[in-house]
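Paired with chain B in one complex and with chain C in the other, chain A is shared by the two complexes that follow.
Let's turn to the complex of A and B:
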């Protein structure tokens, strides 16, 4: 136990929150593989309270002094930490078959005691990284506990089958849902701090929000994230601006807000947040950059109609597989190829929740196909050599129809073609009007396909 | 006491191997694996400089236009004419 309390005291004297939080880690560092086991064995249930109290409050060999309430608060924290470590050591000894339910419960107790430390025992704001560690592993242990429970349920499901009340879905995430409630308490503890900003727990807020977002996403309760966003919006006057937070907190936050906006189909806002995340993200965090791009690429397709370049996708083989076939078909105006690529990637696109967005890229493919017809139409015969060349802007519908049947390998009625073109015009992907009686499309002389240079 | 470190080391190695096997079983179930995949990873550090967020030479040509004028239009015009003939022929029949 000495090592743990040495670290505690040193971190406390230096006011180093991250070092302090490491003394509450549930994972032994590589340099001290026996740290947890030794810590657990260094005392027992009968003496732990007295031992820790002595180390934290009454160690005469150290000049270090803590106020009684604060000190007693930490004694409780380390006491519950010790109990949790005991469960972890047991679970690890059980060699994979262990249930993490007890670990989760013990870790939750520690987290709750830690929260009380802030509300009742005057724990200082610089120690908030302890809440990060508590929250991070609360989630991890909840997920492990639920995984264990669902495999145990699988084994006994036959027995439970006749029980009408048995609902595997509701039980599947029992602990994780519980963890979300505890994390919400942590969130409130940070948000409601009235201390001046320089010594406020509000500096912990985005780290905790990110944990909540991750939890809600995993629980498929993404709408709950909105409550969090509303809460910080309400407090925004009393909060440090996001720019003042560490980049790790900002990038993660921007990513999740971007995805939330994306799922709400607010693509322009989504693009803004995701671009910020992209620009701030650490260059070596390939996995995270890949995740950001997974949503940023469909955003770009819809907002600015741009596609990722090969250079952009180069470091991400998975994204190449995901987006290159579609990109190629969009560029070529290959409608049937586009449909085939969409079907081929359907499972992956659906899992990433980008299918519906990408599907809308078909409009861009069609636009490009119709644009090719326009360009293939060439120029009007010049009246004299001095006037600039003008593209042919009256184009028979049959030419567009032929192009569409080329692109989609199916023949369409003129009505259907007109309908597609009317849609293009409505979406401002094409400018002009349909002259039905003459069966031609009259395109605008100044920019028939807005934004594409013709 | 002398046995404790060795036992401890065995425990932690066991723990990491069970972690790994748990992950690989997750990979076997595509749905769970994807959930795992979707999760934004913790950064190894809290903060970094703007230089560390930029890949040198990364800011050029990241996004390109969605149309392609390079695949010469001659080809397409010919195809289009061919198709038009086919459609016309189909109509007359």
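Let's turn to the complex of A and C:
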């Protein structure tokens, strides 16, 4: 245990929150593979409290002195940490089929004690990284506990007697939902700190928010994220601006906000946040950049009708597989190819929740196809050599119909073709009108396909 | 166990009622020369108006309640009549014992019954053979009081912070005059046992805290109760495991549970099966939705509290869902649908294809893209080929691409009861299509075209629809034909469309 408390004392003297948080890590560092086991065995249930109290408060060999309330708070934290480590050591010894429920419960207790340390024992703001570590592994252990518990389910759900219907989702993710509640408490602990900004726990807020977002996404209750955003919004006057926070916190936060907006179909806002995340992201974090692009590319397709370049996709083979077939078809105006590519990638797209967005790319593919018909229509016969050439703007519907059935070899009835064209006009992808009685489309002489140069 | 000084010792205790109660030892004084008063157990627990139920661990049943009764002046010696003896032995027969009535409870009740009879001299007149057994009495009492009790429990359990009702009762207490209300009110503190080590931890001096905030926190902390307090959940801990019902009546009004269910008010599965048949018949003959809905809700509740999850559960939910659909009760429908989804995931039979298709249509109606995304992700390739699901997916994609032509074709050939759902959003899709047509067609189109494209049954209906949205000026007779002046209608129908697409709000929506 001496190693742990040496680290503790050193970090405390230096005021280094990250080093301090490492002394509460549930994973042994590579340099000391036996650290957790040794720590657990260095004392026992009977003496742990006394031992830790001695080491934290009364170690005469060190000149370092903690205020009593703070010190006692840490004694409690390390006491619960020691218990949690005990459970972890047991679980790892039982490798494979160990249940992480106990680990989770022990870790949760530690997290709660830590929270109380901030609210009751004057833990200082620079120590917030301890909350990060507690929160991070709380989520990890909850997921592991739920994975283990999914087969054997006991009386735990009996307590929901107020629900008229049972809730199997709640059983499946019981611990993770519990973890979300604890994390929310951490969030409140940070948010409600009224100390001056220099020594405020508010500096920990975005890290905790990111943990919460991650948890909510996994629980598929993304709507809860909005409560967090609202809370932040309500406190914005008392908060440091986002720019002042560590980059790592900002990137993740922006990414999640972007995805939340994306799922709400606010593509322009989504694009804004995702672009910020993209620009902030560390250049070597390939995986994170890939995640950002997964949503940023569909955003761009809808907002600006642009497709990703080959150069952009070069470092990301997975994204190439995801987006290239579709982009090729969109560019060519190949409707049936587009449909086929969408079906081919459907599972992947739906898993990433981008299917519905990409589907709308079909409009662009159709626009490109109709534009080709328009260009193929050539120019009106020049009345005299001096006037500039004018494109033929009265086009029989049958020509468009032929183009649409080109790829699929299925004849679409004229009413449906008209319907598709009506949509193009409605969405302002095409300018003109349908003259149904004459079975022609009259296109605008000045820019029939806005934004495409014709 | 019994002290010889105990007044009870002077008469034979009613047979079979000698429990191993520690509290008897409290009465080791000589027969008191006063009427004993019931000991107060806490500051503000009002005298309970009902027999405490041990099944609820909180508030703890005050064990000494019996003591004062027993401390009454010595009684004359009694020879217990045979009917009483029979009654007692019947009470203890194993098959008469009830799971939900604990033995000490039952014994206490028995003792009380006999004591009362003795006191009132009705020992010989009472019809002991037909008197309900003590455990049955307890059940009855519970049934009468459980509602009241749950309310009391709540008020007591929530720490009485903002219950005015409770406060007024307390003000009547003598001792509350002496102590300020926050002292008497602070019941949570009373309940908590302090661990000495934590006490020390709590009350440690707070030197070195110059910050305003720390002082503030310290002040708040005075009312805090140390590390353990958050673990003491004020709500009663329910008994583990599912309830097994014993209620035999087919019909039961729905009542939202506010405490753990009581077996005597829950119908077991074999009764519920008969209930379902009855309800099906009643639905056909009476068609009274509010009655049916209420009955189905209580059925679902009984299934849930007994954790019955089988093909029967699926049937109940499916039938309720269909009835709710028919009556356009989307809130109830959605609850059933959510359950069904979970039940299908356990492969319990039923009609998953039909209901998955409804689910897709439902999310189209509520414009819930996130949920729609989830549904799509959950479908297997085989399911996507099923007729109903294929239809629903077709509807979805037609709408996503604005293909109203295909949408209204699909509308006219909706399988099962999907049309009930589609009817709910077909109006807004018609408005959307009209806005579309108005934007892109010039100068006019025939009403026949509108009727065909928008799935109306007749030209007349199409015309009526346009008139309903104040489009009468856009209709024009041309020769024998009625024409729709599409080129002039855009502003009107675009506004109507936007109006119709405002958020759909449904209770029970997840």
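Following the convention adopted for this analysis, the second predicted complex is superposed on the first by the 429 of 454 C-alpha atoms of A that agree within 3 Å, B and C clash if a C-alpha of one lies under 4 Å from a C-alpha of the other, contacts with A are read in each partner's own complex, and residues count from 1 in each chain.
One rule holds for everything that comes next: a contact is a pair of C-beta atoms (placed from the backbone, for glycine too) under 8 Å apart; a residue touches a chain by one contact, two chains touch by 3 or more.
A quick note: this is a predicted structure, and the numbers were derived from the prediction, not measured.
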Quiz item: Would chain B and chain C fit next to each other on chain A once aligned, or clash?
Solution: fit
Exercise. Tell me which partner A:193 touches in the superposition: chain B (first), chain C (second), both or neither.
Key: second
Practice problem: For A:34, decide between first (touching chain B), second (touching chain C), both and neither. | Solution: first
Quiz item: First (chain B), second (chain C), both or neither: which does A:285 touch?
Solution: first
Quiz item: At the CA centre of chain A, how far apart in angle are the CA centres of chain B and chain C, to the nearest 10 degrees?
Solution: 130
Quiz item: When the two structures are overlaid on chain A, which partner does A:435 contact: first (chain B), second (chain C), both, or neither?
Solution: second
Quiz prompt | Which superposed partner A:127 touches (first chain B, second chain C, both, neither) | solution = neither
Quiz item: A:116 contacts which: chain B (first), chain C (second), both, neither?
Solution: second
Self-check item: Partner chain in contact with A:351 - chain B first, chain C second, else both or neither
Solution: both
Quiz item: Now for A:331: first (chain B), second (chain C), both, or neither, which partner does it touch?
Solution: first
Quiz item: Between chain B and chain C, what is the tightest CA to CA spacing in Å in the combined model?
Solution: 9
Exercise. Using the superposition on A, tell me which residues of chain A are in contact with chain B and, in the other complex, with chain C.
Key: 347, 351
Self-check item: chain B-facing residues of chain A, complex
Solution: 18, 28, 33-34, 36-38, 41, 89, 92-93, 95-96, 136, 144, 147, 210, 214, 217-218, 246-249, 251-252, 255-256, 279-285, 287-288, 291, 300-301, 304-309, 311-312, 330-333, 347, 351-352, 364, 367-368, 371-373, 375-376, 398-399, 401-403, 405-406, 411, 452
Self-check item: List of chain B residues in touch with chain A within their complex
Solution: 4-5, 7-9, 11-12, 14-15, 18, 21-22, 30-31, 34-35, 38-43, 45-48, 52-55, 58, 60-69, 71, 73, 76-77, 79-80, 83-84, 86-88, 90
Self-check item: Contact footprint of chain A on chain C as seen in their complex
Solution: 197, 200-202, 204-209, 211-214, 216-217, 220-221, 224, 227, 230, 237-242, 256-261, 297, 300-301, 304-305, 307, 309, 335, 338-339, 342, 345-346, 369-370, 372-374, 376-377, 397, 400-406, 435-437, 439-442, 445, 449, 452-453, 487
Quiz item: Which part of chain A faces chain C closely enough to touch in the complex?
Solution: 49, 67-69, 72-73, 75-76, 112-113, 116, 119-120, 122, 155, 158-159, 161-169, 193-195, 199, 220, 222-223, 263-265, 346-347, 350-351, 353, 355-356, 359-360, 362-363, 415-416, 418-423, 425-427, 433-436, 442
